[in-house]
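Down below are the structures I want you to see.
Shared between the two complexes below is chain A, which has chain B as its partner in the first and chain C in the second.
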Partner chain A sequence: MAGLALQNEIRGMEVMKRVRLHTAWEMWGAAALVLLTLSSAVAQEQANTSQILTLQVVETNRIDISQKSLTLVINQASLESGSPVEAVNEDGMLVWLTNGENKKVTVASNNPSPRFLVKMRALDITGGSGSAAADAILNDNTTKDLITGISKSFGRSKVHMAASATVSNGVGTETYTITYTITGG
Partner chain B sequence: MHIFANLRNSLRCQSVVLLPISLIFLLLMPSCLFAQASHAAKVTVPNLAVVSVSSGVVSLAINGTGVVAGVDPMTVTSQATTLSWGANTSTAKIAVKTSLALQKYTLTVQAININGVPTSTGISAPVVTLTTTSQDFMTGIGLKRGTCTLLYTGIAPASKGTGTDTHTTITFTITN
Partner chain C sequence: MKKSILILSAAFMSLAIVQSASAQTATQAVSLTVSKVYRIAITGAATINMTVNAGVAGTDALTPVTDATTTYAITQNNSAATKVTANLDATMPKGHLKIALVSGLGTTAGTVDITSATSGSALNVVSGIAMGAEAGKSITYTFSANASEGLFVASKTVTLTVID
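Moving on to the complex of A and B:
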C-alpha cells in the first residue's frame, strides 16, 4: 500500500511538472508577442504640429451692369395716334451676389425732373431667388424697387428699359445716370 | 699587435652576427615599441521625423474684397504661414486633418513654393479639402528636409450666408 501511494505521488509530481512547463512556454510566447508589437510601434516615428484657423464670412453684396452706356432714340411716330413710339433696349445684363437675407435691387436716376419718360423692369431673372417688381418709372430722382426677395444667392437678369415722349415734349436730348443698388429689403 | 688582431677578429665575428640581428630589430621595432588596441563603435540612427508650422494661428476673412458680382462661390486665400519638415526614411509623408467636424464653409490647403533639400523632385502636394479624416498632404518627402508655403483657401457660396468656422486644431502629422 505504501509503495502504491508513493507511485501515485511521483506520477502526480510529474504531471504538475508538465503543466508548469507548458504554462512557462505560453508565458514566453505572450511576452515575445508584446515585445514584437512594441518594437514595430517604436520603429515608426511620428511627429505632429498644429494650427488654429478661423474663417470668417461677413455680409457681402455685389452688383454690376454689363452695359455701362446706352442710347435710346425716339425717332418714330405711331400712324394711329400720331404720338412718338417708345424706344426700347434690353441689352443690359444685371448681375448680383449676396450672402445676406431679404435683399432687393433698387434703381435711381439722378434727374429730379426729366423731360422724357424712362421706365424699366427686370426680365428673365435667374439664380434661385428674386422677383421682378412693377415697372420703375424714373420720373424723379427717388429710389425705386427693381427686384425684390433676394436671399443668399447670386443671379442675373435682363434690364428692360423704355423711353417715351409726347409731342408736346418736343425734341431734345437728356442724359441720366442710373444707379443700381443691392440693399436690405 | 696580437691583442689588436684578436680584437679585430672578435669584432668582425660579432659584426657578422650582430648586423642581421640589428636589422631584424629595426624592422620589428614599431611593433615592439608601440602598443595597439581597438574597439567597435556602433552608430545607430532610428527613424526620425520632425514637422513644424511657422505660426499657430491663421485668419481668413471673406469681407467683400475681390468678390465679383454674379460669381459664386466667394473665396479667400492665405499664404501667411509655412511648414518645415525633415524625415530620414524613403516612405515618409505628411498628412493633414481638422478638428472641425461640421463645417459651414469649405477649407482647402495645399503646399506651394516647396523647397526640398537636397531636391524637391518627387514631392507631390495635392489640394486637400480638410475633413476630420487624415489625408495625404505631401508625399515623396522621404530622405529630405524642407519648407513650403501653406496655401489655405476658404470657399463660401452665397447660399451659406454669413458666419464663422473655427478650426481649433489643424494637425499636420509626419509619418516616417
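Moving on to the complex of A and C:
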C-alpha cells in the first residue's frame, strides 16, 4: 500500500516536471518572438539611396624651371692654355611631375648652329625616380636627354649649365631658348 | 371608459416607440497611427564622371576635381537624432573620395573622407536632423589622387542612408 503511494507520488513529480519544462519552452518562444519583432522594427527604421561615380586619373605630366632667364659670360682665360674658361650656372631648379611610367626629361635649343658651346646636366636629383643622363651638348637644335627613368613620381634637380668658347669663336652674344620637356621614354 | 383607456395606452406606446427610435446612437473607436517614415533620394545624373588630369610640377598630389551637380531630398518624422551616413560599396585602394552634404534640418559634418567607408563602417555626413522634409540640398564630391599612384579608373557606388 505504501509502495503504491510512493509510485503515485513519483509519477506526480514527473508530471509536474514536464509541465514546468513545457512552460519554460513557451516562455522562451515568446521571448524569441518579441526579440524578432523588435529587430524587424529596428531594421525598418532606415532608408537609403545610391549613386554611381566613375573616377578616372588620366596621364598628367608637368615640368617647370625656376630660372626663366640667365646670362653666361665668358670673360676669363686659362693662364696655361690661353683658352677661355667656361662660364657655369647652377642656380636653376627643375621640378616635374608624372603619373605615367618610363618618362624622361629632354632639352632642346632653338639654335641649329650655335657659335658657342653650351652643355647641360641634371644635378642632385630628388624624388621617387629618375637618373641624370650624360651631358647634353646643345650643338644643334635636336632634342637631348637630361633625366631618364622617371615613373609615377614628382621630383626636382639643379640644372648645371656651362658655356664655353674657343679663341677662334671671337667675341659676341648669342641667345638661346632652351625647352624642357617631360615625355615618354 | 375602457375604450378611452385603450386609446390612451396606445398613444403612450406610440410615443415611446418614436422616442426610442430618435435616441439611437452608435460609436466606433478609430485608432490613428503614424509610423516612423524615413525617405532619402538623390536627384541628378545616374552616373557621375570625375577625371583628374592636372597637377603642379614638383608636387605629388594632383589637382583634385569636384562635382556638385547632384542634390538630395530627405523626409523623416522621427526624433531629432536622425542622421545621414555615407559609404562606398568597397574601399578604394588608390585615390581619395570625399563627400559633403548641405543640410537645413541638420548639422553637416562638412567634407568627409569616405575612401575607406563601407557598409559596415559608414560615416556620418549629417546629424541631428529635425523632423520634416527638405529637398534640393547639394551633394559635393571631391576626388583626388597622387602622381605616385599612377593611372587608374574606378567605378564606385556611394550609398546615403537616413537612420536614427
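Going forward, the second predicted complex is superposed on the first by the 146 of 185 C-alpha atoms of A that agree within 3 Å, B and C clash if a C-alpha of one lies under 4 Å from a C-alpha of the other, contacts with A are read in each partner's own complex, and residues count from 1 in each chain.
The definition used in the following text is that contacts are C-beta pairs under 8 Å (C-beta built on N, C-alpha and C of every residue); 3 or more make two chains touch, one makes a residue touch a chain.
Fair warning: this is a prediction, and the values are worked out from it, not measured in the lab.
With chain A as the common reference for superposition, the partners chain B and chain C occupy clashing space. When both complexes are overlaid on chain A, the residue A:V171 reaches neither chain B nor chain C.
With both structures placed on the common chain, the touch criterion links A:L79 to neither chain B nor chain C.
Contacts of A:V58 after superposition on the shared chain: both chain B and chain C are touched. Legend: residue contacts after superposition of the two complexes on their common chain; A:S50 is shown touching both chain B and chain C.
Comparing which residues of chain A touch chain B with which touch chain C, the overlap comprises 44-60, 62-64, 95-101, 128, 152-156. Within the complex, the chain B residues that touch chain A are 46-53, 55-64, 67-72, 74, 76, 81, 83, 98, 104-105, 107, 152, 154, 156-176. For chain C in complex with chain A, the touching residues are 36, 38-42, 44, 46-60, 62, 70, 72, 78, 92, 94-95, 97, 139, 141, 143, 145-164.
Listing the residues of chain A that touch chain B in their complex gives 42-64, 95-101, 128, 152-156.
Listed in rising order, the residues of chain A touching chain C in the complex are 44-60, 62-64, 95-101, 128, 152-156.
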